[in-house]
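Some structures are shown below for you to check.
What follows is a pair of complexes built around chain A, which joins chain B in one and chain C in the other.
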Partner chain A sequence: MKVCDFIIIGGGPGGIAAAIKAAQAGVNVTLLDENERLGGQVFRQLEKGFKVADPDALGPDFKEGKELLHQFYSMQDKIRYLNNTLVWGISEDHTLALARNESSSSLGFKHLLVATGAYDRPVPFPGWTLPGVFTAGGAQKLVKSEGVLPGQNILLAGTGPLQLVLADQILKAGGRIEAILEAGNIGKNWLRGLKGIWGNWDFLKEGMRYLRSIQKAGVPLLRSHVILEARGDGHVEEALIAKVDKNWRPRLNTARSVKADSICLGYGLVSSTELAMLAECEHKYDLRQGGYIPRRKANMETSMPGIYAVGDGAGVAGRKVAIEEGCIAGISVASALGSIPRANAREQIKPCRKRLDKINRFRKILDDISLPRKGLYELATDRTVICRCEEVTLGQLKAALADDTIQIKDLKRMTRLGMGPCEGRMCGPFVVEMLRHRPNAPVEDVGCLKPRPSIKPVALGVLAAEKPVENTEA
Partner chain B sequence: MSKGERRVYQGVARGQPFEIEVDGEKIVAYEGESIGAALLAAGRRTLRYTNKLEQPRGLYCGIGLCQECRMTINGIPNTQACQTLATPGCRIETQKSFKNRES
Partner chain C sequence: MVPQEAEVVVIGGGVVGSSAAYFLARAGKNVVLVEKGCKAGEASAANAAFVWSITRKPGIDIRLAMHSFNIHRQLKAELEMDFEYVQGGGMMIIEDETQLPFVESYLQKRSDDGYPLEMIDAKQALELEPHLAKERVFGAVYSPIDGKTNPIFLVIALNLEAQKLGAQLFHYTEVKEIEVTGGKIKGVVTDKGTIKTNTVVNAAGSWASFIGDMVGIKVPVSPFQLAMLVTEQLPPTVSHVIMGASYMVEEDTGKEGGLGCGLVMSQQTAGNLLIGASWRKTGYDKRTIQEEIELMAKVNVRAMPMLKTVRIIRSYANFFPNTADDLPILGKVEGVEGFIMASGHCGHGIGMGPGSGKLIQELICDDKTTIPLDELNLSRFLGE
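Now for the complex of A and B:
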């Protein structure tokens, strides 16, 4: 088996930035990405056959991404990049298990960077499994890279700036938005963070631009509002919405129905930590940063020597943070491999760290507004399906919660929670919060749905067809 | 945009259109579209029925994680519609619950 000096998992902003920095320092870099095209979720490129007349309409991140991708491609002779490559396992002896083009292989590494990104935080409520309910990220992919609108009258519900970005994209595509529900109380918290806004004008400008576009289209932006229920016969036809208090608990006397054939949910992101967990990196729980995230040193190294983590998969903070962290990790690995002197690495890292500090001041304001409050975890009723794969309802989970010592792994054993093909990604984040909110249970005993290999479904035929990775081209 | 249309045409250039078959019905898809997007554009939102409760499910996460869009594509069950590109003539079936499957 081949052993690589430096493997990066994930071709989003963090992974690309790390690859560029390390390759510039002379490191042999291998970048593995699951998708056909590089860019991750935020720098997603248009699918083959698609062209847009006005790339600016795709947002500033699209342009920013193009520049970074251009830099990456210009160094392609120094970086080994494998697309359509799923990393489904990591073993203790620094070996990755890969699935690629219907066959499987293994690849060893000396240093590893996990840059696996994040996904929309799943928030169960009655009707959330109806066709026509999308995550904001999924809707964004449809609109941006496939030119298809999620519906004809769209309702957006969630919190934070990402749903404003989606609204702007839907409007530019000529779609109709019934309303945008923001669970947080933007107006009240906004001024408190003036210090953080200082110097972060481009963030502010971007946000104001979205707000203006929404206002111009006459779309109501309802602050302190959540969706209570999605209703319809076989698919979404209407939504029940209500005003919430400061804990995001709905005031039921304000509930009213809104006609909509599709609903996009953007309650912030949770980190994809499956691989970091499989690698046995130590994790901590921080709801603000996306749930369980790996503990890291200043050089982005996890508790496992030689294994690094950056970007939203190591704490949700957006593309700009991912790029800076990626640079730091790339330089640190180059230094650890002896490709650049230590002092040189320190000098290179300094400006990255400075930019990170500035962005993080601004992030804190956004995070304060968007941090999910307790009420969000009380919308599901006993009949609401929590685990979409195994169809476990909240009622079944409650019945299994005999006493306060029950941990999430017990629920898994008793109800099959999290044992389906999504591997607990859609139910785990909710159930952890639900258990943490029990009045008498010690928070540290909640546990998590431990990922198991393969972290995504892989067909037996693929596992059986083992070959060296060099021979897996389609 | 005409009523019922979900594809965005203004400012978007597409590749070649072609036909695909869903539960015996022919619909149009374009090069580069996922099967999930093509079905949504044709107004088909239910992609499978669950095994126990026999509930309809459609595209949800859209990025290959949630596994809700599993369909039978060219005879292979449990294929994610959001991750599979439409190809000329491909045959797609709504995935039924265990009870309602023939084999």
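Now for the complex of A and C:
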């Protein structure tokens, strides 16, 4: 089996930045990405065959991404890049199981960077499984890579700046937005954050630009509002919305109906940690940063020697943080491999760390506003489906939890929660919060649905296929 | 905290312990079950889901299996929660001609013992399971009474019913010590308190030897990993429980430290196929490895080519409590009054567990059992 010096999983901003830094230092880098095209969710490129007249329409992140991608492509002779490659397993002897080109193979590594990103936090409420309800990420994918709008009258509900980014993209693509519901109370927290904003002019500028574009289009931005219910006959036709208190509990006397044929939900992101968990990296729970995330040292290394994690997959913090963390990881690996002297690495890391600290100050304010409050987890009724794969309702979970010794592993066995193809990605984050809010719950660690290989569905034919002749090129 | 006393303490919340606790509670015993992990946490949750007789050998093995069939049917009628038990028939596929002599001699022995099995030809086998690859079916051994269950639901159904009958179940509760005075069981010390009792049932499965150590008894049960794959949900595709004859013919692969693999298939009520299986010695390591996942995929795709496009959603593995003669250890233990063994089902726990649990209840309540347990006593390993 081939053993690579440095494998990066995930071709988003963090993975790309790490690849560039390590390759610049002379490391043989292998970058694996599940998608057809590089860029991850934030720098998602248009599908082949799609063209936009005005690249500005796709936002500054697209332009910034283009620069990063350009840099990456200019170093392509130094980076081995494999697209359409799913990493479906990892073993303790530093071997990855890959599914690629209709067959399964193994690839060894000395150092590994997990940069697997995040996905939209699933928030169950009555009607959330109706056709026409999208995740913000899913809607963004439609708009960005296929130029398709999620609907004619779109309602955005959620929290945080990513909603504004999506709104801007929908408007630029010619879509009509009924309203944007922001669960947080932006106004109140704004002042408190001034200290963090100081110096982060880029963010401020970007944020203001989005707000202006939304204002110009006359889209109402409703602060302290959530969606209570999606209604419709076989498809979304209207949404019930209401104002919320500081715990995001709806004030029912403010509830009203809004016509919409599609709803995009953007209640923040949850880290994709399946691989880091399968690699047995230690995790900690931090709702603010996306749930269970790997513990890391300052050089981005996890508790497992030689395995690093950066970007949203290691704590949701956005593309700028991912890039700086990716740079730090790339340089650290180069140093660990002896490609650059330690002192040199330290010097290179310093400015990254400085920028990271500055961004993190700003992040903290946004995180404070967007941190999901208790009320968000109380929208589902007993009939609401929580586990979509196995159609397990909240009522079933509550019945099982009547016995207060029941833990998440028991719930899974009693109700089939998380036993479907998504392996608990959709229901897990909600159920963990539900368990954490139980009286006498062990707040530190209620456990989670543990991933097992294959971490994503793989066809038996792929696993059974003859292995490709080993690729001996570097 | 656990109660201060109980008539019987069952150690182990798998299918064997849960069956014993249920039947004891039904017989009016004050029973407490302690389990170090979650509900249906170990081998009882991760297996092939077979309730099966075809490979059960002549003698006590097939008698215990047949007895357990009755108990499964009884439970289906008695327990409130549906655990998806279906007697849809079982097939052991003869994969090539070389397996034939072995299979024929096995069938002869079963017939001599009074438990004959039916042999069907390739055409009949393919009529029963049309997706099987023609070239991989030479014939099959068929049993109409064999079938499948949802092993997790079976354990949970037993637990819920036992609780209704007054049994007290303590999961996430670990046994630390067993008090023995004058050769008699006096109590069980757990991390949640001490229970005074005169009777302990060791249904700890692959962990049974640790419980044995606590009373100074060597229990020759060791863990043996069996791994399987779960596919996405499919419409009805496989109606029988299926095993390849290589299991019997090449019985010892894997036990010597290598990786063994043979055909196993069943379809759960929810639609997922459970397919496998591979086995190897791993100590108490539950992780599945790439090599075995790929091997299981190969074996199953070769047996049923339509599986090529079917996706797996995960793999799982667990430890079967293994004994040297492939039979469980059931019954009293000489030298420790009140200590009762109920472990070592060697991968047949789902099929044989409910029957074993019932026998243990009979032993405790009546001091006699429907099936004599002499041949299954721990004493058969003495002097080894």
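By definition in this document, the second predicted complex is superposed on the first by the 464 of 474 C-alpha atoms of A that agree within 3 Å, B and C clash if a C-alpha of one lies under 4 Å from a C-alpha of the other, contacts with A are read in each partner's own complex, and residues count from 1 in each chain.
Quick note on the criterion: contacts are C-beta pairs under 8 Å (C-beta built on N, C-alpha and C of every residue); 3 or more make two chains touch, one makes a residue touch a chain.
The shown structure was predicted, so the numbers you read here are calculated from the model rather than taken from an experiment.
With chain A as the common reference for superposition, the partners chain B and chain C occupy compatible, non-clashing space. By the document's definition of touching, of the two partners only chain B reaches A:Gly147; chain C does not. Counted by residues of chain A touched, the larger count belongs to B, out of chain B and chain C. Using C-alpha centres, the superposed arrangement gives chain A a vertex angle toward chain B and chain C of 80 degrees, stated as a multiple of 10. In the superposed pair of complexes, A:Ala464 makes contact with chain C only, with no contact to chain B.
Contact with chain C, but none with chain B, is seen for A:Arg452 once the two complexes are overlaid on the shared chain.
In the superposed model, A:Gln407 makes contact with chain C only, not with chain B. Applying the stated contact rule after C-alpha superposition, one finds that A:Gly420 touches each of chain B and chain C.
In the superposed pair of complexes, A:Asp382 makes contact with neither chain B nor chain C. Of the two partner chains placed by superposition, only chain C is touched by A:Gly89; chain B is not. Contacts of A:Asp357 after superposition: neither chain B nor chain C is touched. For the overlaid pair of complexes, the smallest distance between C-alpha atoms of chain B and those of chain C rounds to 5 Å.
Where the contact sets of chain A with chain B and with chain C meet, they give residues 420-421, 457. Residues of chain B that touch chain A in their complex: 1, 3-4, 6-16, 30-34, 37, 40-41, 45-47, 50-53, 55-68, 70, 78, 82, 85.
By the touch rule above, chain C contacts chain A in their complex via residues 37-41, 45, 152, 155-156, 170-172, 229, 231-233, 270, 287-290, 293-294, 297-298, 300-302, 307-316. Chain A contributes residues 89, 91, 95, 97, 104, 106, 390, 405, 407, 409-410, 413-414, 416, 420-421, 423, 451-454, 457-461, 463-464 to its touches with chain C in the complex.
For chain A in complex with chain B, the touching residues are 34, 41, 46-54, 57, 119-120, 129-135, 137-139, 141-143, 146-152, 173-175, 234-235, 385, 388-389, 391, 420-422, 425-426, 456-457.
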